[in-house]
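Two complexes, one shared chain (subunit A), two partners (subunit B, subunit C).
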Partner chain A sequence: MSGMARAQTQAPAAERPLLILAGIWVVLIAAPFWMPLVGGYTSLASRILVIGLAAMSLNFLIGFTGVVSFGHAAYFGLGVYGAGMILRYIAPSTPLAVIAGILLGGIVGSAVGALICRRRGIYFALVTIAFQEVFYYIAYKWDSVTGGFDGLRGFQRQPIHFGLFTLDIQKNDLAFYYFVLAVFAIVVGFMGFVLRSPFGRTLLAVRENERRARFLGIPVDRHIWLAFTISSFCIGAAGALYALLNNFADPSSLYTDLSGELVIMCVLGGMRSFWGPLLGAAVFEVLQDYISSQTVNWLFFIGLIFVLVVMFFPRGLLGVFRRRSAA
Partner chain B sequence: MSMLEVRNVSKHFGSLIAVREVSLTVAKGELRAIIGPNGAGKTTFFNLITGFFPPTAGEIIFDGQNVTTVSAADRVKRGMARTFQVTEVFPELSVRENVRIAAEVAAGYALRPWLGGAEVRDIASVVEETVAVTGLAGKANRLVGELAHGDQRAAEIAMALALRPRLLLLDEPTAGMGEQETFEIAGLIRKLHRDKSYTIILVEHDMRVVFHLADRISVLDQGALLADGTPEQIAANPAVQAAYLGKAA
Partner chain C sequence: MVQGKPSGRLGRRGVLKAGAALGAIGAAQISSPFIVKALGEQPFKIGFVDPLTGSLSLLAVSEVQGAHYAVDEINKKGGIAGREVQLFVEDSANDVGTGVEKIRELIDKDHVDVTMGDVNSAIAYAISQVATEKGILHIVPGGHTDPITGKDCAWNVFRICNTTSMDANAISEILIKKFGKRWYFITPDYAYGHTLQAAFVKNLMKAGGTYEAELLPIANSDFSASLIRAKAYKPNVLLNNMGGLAQIDCMKQFVQFGMDKDMALGGALFEIESVLAVPPTAQAGWWDMEWWWDQPGVPYVKEFVTGIVDRYKKPCSARHWFGYVGIYSFKLAVEKAKSTKAIDLAHTLEGMELPPEIALQPGKVFYRAGDHELMPNIFAGEVHPPAANEPYNLFTVADLVPGDQAQPLAETGCHMTYPS
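For the complex of A and B:
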């Protein structure tokens, strides 16, 4: 009986996701205006978007393909260095830097993915860590190109010229926020589009039951490789934005710590939810920003909160809106 | 015309001989049951037919073509669909999504970033028809993982049907079911066989289901084919009674 009643009230259900989606975008577009009211500031909002994009890219793999990578900072960091090195050595062009970051992270991720897509579970996760260490040491040791331990300095994001007008993302934090939001929208829109496609549904199939997927005729290794590739391109974009955000590239952007933090953000926000990792990143970054101004032991409190969330919201903060049967 | 012909197939796992020189022929439109005591090699034999692993010796001819070395995924494309002894579904997706993924993959859309209007309608009609045939129309939006065991089985069969198979292989479809659920699944299998003319191979433990549904029965014992015939012949076969029915009763 209650099932029938629910089926009737579900009639506008097709519109509800659209309303939620519109709400999310309104919140994001208005962020520079409401953030100061709750003690935030525009560059923190930019940082949350960038890290949130990285976490959502990783979650494309973890949450929607069911494959865990503990080394995704590698492709994030390659995006950072790709963008930074373009600005430092090649050309003072922000669009070129972003494209270079996306390509570097994505192409390397695609090559690594091709090598490891036959591995599963813990073996897959371990190999992703191993590859990350490789890229970390290259960035760390290759002083003359990457700046080594000190990082790559001496570049700045450049104003973007649109012919008729110029968007000064260099000096204007607000303009930079909207530039980040635009790139974020394109990448997130792309991931959302892929997940709604027949191809995207095969990824869900792999996540849900690999054996069944294989016996439907889905070449599982190939689809895991494609998911890894897409995820690497997207996180490469996040890395490129990170280089622009800091005007600086350093080896910690492709270090194990960041990979772990990104996984924590996915779990914190909810891995089964498309937007969950963005919320996870927001919680993580805001707590870090706030607690680290009070105590140097901020990681202790982040850890504590993570444990509490895992205990009381095992499906993440957005997991409380867990999908249920519709009728 | 035979749909499946198995010629002298054997499977060795090291020194263990799981299947020993088994031959059988399944005609188009036939419902064949494979029975035998636990450990007789029924599931191994099933895995050989569906390409889960290759046979040590022998040949498998499917619809006139030798598929002995063809991969499991390619056998699916050629029209073999199976269900598993342990239900294999996508638990966190709805019944409709489960069936839709099967239908899209079968239509060759596994890599497609989008579908045209006509393609979407074709898939939708396959999905709705399949969901209706398996009696799940009222539960199409439910998550499969939340359904009763019998309905999960029906959803798994629906996924197999959405592949538009010419040969349907069901591995113990009534395993672990109560009376009512067994009765419903048996009714579904009968409907698929009689009304929809599917060729079906069934591994089953429930003798009432087997003798009720099957056109022919093959009995495996210790990896070898012990007998092959109509239900009446099998019921009257003294070797089968000694090896199997006697013990079961």
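For the complex of A and C:
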């Protein structure tokens, strides 16, 4: 984030992004303590982090490369199943499960990206949906391995052994939250690092004017493929964490609905901002958590909020703050 | 650098107001731990996850109504062990992932004492596992798939509705005797459908029959291709194993295709909510009801049925009874065990017989100790269009099959173990 903001900020205010960044991390680290005061709970905080990471991973592609994927739940879901199947069938090891989720989501995303990186606009988006449907039906129909519609049960996240001490993320929700936060920090740090690098700047150039980038000699297709691959690895990590969060994997984690929701979160929070999708995910999850407890028509209200945001805040919630601070 | 002076938008009054609000919140946060409430002042919280939206919503709404009805009755009589009962209902939206999230929310945020749910077998299966992980007593009112109280049975999970094997066993012989041994299945592709069809096929094979089957998505709405294939197979009976709105759609299309003249209809469940939603020509076939409202001479049934019909202006269904029994089971267990610990409640419920005002049917109705499955009667009979001036008189009971007889414990595959 800081890279993006820093580039747009004048020298006298150079320390502001660092302060904002520090503020964000303080809020995240202290979340389990302040969330109960406002009606939240620790596992909701974990869910927001996981879904927020998924939305930020998607935004790496949509917001910073300018390529819209409507099928990114596929790589999230593969991350979920990758982690779940390791715990269920191979070994009761949380780190192995996370690595497997990242690899499954990332490698498959990389292969799909190689096939579709020459497509643009609506065609690119449609092909991403088509691939997502393929993976959804594999999960839905391969009953003996994935559990089909009923989902994959019978696994649990395992405590992590560090030699001298053991982190019990199985029974202790607080410990699990900090485990999720640690993985979140690594993945988000990686994305931030990439975006600040010359490669990241090139992605922005592709987003802003693809033709000009091509004329400058930038291999645009290869850059889009790499961005798709990085995004898939990162969303695979989110998927693996989601499997650990629920101790459960089911086909809805790679269904169109989730892809749509992730795009909504990006738009809601602000696609041009690094942290916007996390804010979008937080607003979406908290609203869903609250409204669905109040009325059975909760999906109507979620849809209504999305329509209002698109109509009145097209740059997302962080876009509004940024415009105000600029004014 | 952040400026030291306050921005123009936040004036002195704003600061004072914000300070007062923060102070009030802070005071509330600080003061609350010093108030120690007596146990009787704390409500007994029941969490209920059911698919209030989606293709099974008709059934779920009835279950939740039955639960609310029981909660109001219990609270009028002083609650559970003197504690007011609070029912927290969450919508699983007929989606397994959402159901799992919702039960975690009920346990982690609302701190419920016990949990119930779900109509959807796959969700019931998954949320039972969460309840076991959290060590909470859980009752499945209406998710039928066998492993919940079969091979995956758990010390903290009890179930009110029948297993799919119980339902299939109760009606299979009737279907074979009345219509023949050539069957066509239309079955939902998830836990409930798989186990139900397997149980029917087992019985059919024993009798030397033949069949063809089609597995369709749980919320399928277009059955034209499947029905054309069924017509070509020329079965004696079409077993419509779909549930809720999918079953209704299938029945409507069955009649539109004129297939009611070619083959009989039947299966495990054709619940009153669904029967009322199809045209009279599709109100037919031989089915099970897991509880039936018209039981002349059986004590307390009439009062319960009148109460539900008057309050909700709809027929009293098996689903109302499931919700009602679920809530009362918690009350009976807590008051007998004099504890709210899951392990104590589970031991108390094992083998517990429901009193007649809760059982609402003849015979002994009890939670079987070996698998935690409630053993009621299965009402096998014929569905027909309503009698004159009796809009809910849609079913004639031909046989009452005791649950224990429909599926003996040895056939369930359950090996119950308790935490050490």
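Assume the second predicted complex is superposed on the first by the 308 of 327 C-alpha atoms of A that agree within 3 Å, B and C clash if a C-alpha of one lies under 4 Å from a C-alpha of the other, contacts with A are read in each partner's own complex, and residues count from 1 in each chain.
Keep in mind that, in the parts below, a contact is a pair of C-beta atoms (placed from the backbone, for glycine too) under 8 Å apart; a residue touches a chain by one contact, two chains touch by 3 or more.
Note that the coordinates shown come from a computational prediction; the quantities given were computed from them, not determined experimentally.
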Superposition on subunit A - do subunit B and subunit C clash or fit: fit
Tell me the contact category for A:298 with respect to subunit B and subunit C: first, second, both or neither. second
Which partner does A:211 reach: the first (subunit B), the second (subunit C), both, or neither? first
More residues of subunit A are touched by which chain, subunit B or subunit C? C
After superposition on the shared chain, which partner residues are touched by A:289: those of subunit B (first), subunit C (second), both, or neither? second
Counting only touches as set out at the top, which of subunit B and subunit C does A:252 meet: first, second, both, neither? second
Look at A:72 in the shared chain and tell me whether it touches subunit B only, subunit C only, both, or neither; answer first, second, both or neither. neither
Output check: A:43 vs subunit B and subunit C. Expected answer is one of first, second, both, neither. What do you get? second
First (subunit B), second (subunit C), both or neither: which does A:19 touch? second
Go through the superposed model and pick first if A:88 touches only subunit B, second if only subunit C, both, or neither. neither
Once both structures are aligned on chain A, how many angstrom separate the closest C-alpha atoms of subunit B and subunit C? 18
Inside the complex, what are the residues of subunit A that reach subunit B? 193-194, 197-199, 201-202, 204-205, 208-209, 211-212, 214-219, 223, 272, 323-327
Within their complex, subunit A touches subunit C through residues 12-13, 15-16, 19, 37, 39-44, 47, 140, 143, 148-151, 153-154, 156, 173, 246-248, 250, 252-253, 289, 292-293, 296-299
Contact set on subunit B toward subunit A in their complex: 50, 72-74, 76-77, 81-82, 84, 88-94, 97, 100-102, 104-106, 109-115, 138-143, 146, 159, 163
Report the residues of subunit C in contact with subunit A in the complex, numbered from low to high. 1-2, 25, 29, 52-53, 88, 90-91, 93, 95-98, 100-102, 104-105, 108-109, 121-122, 125-126, 129-130, 133, 145, 189-191, 194, 217-218
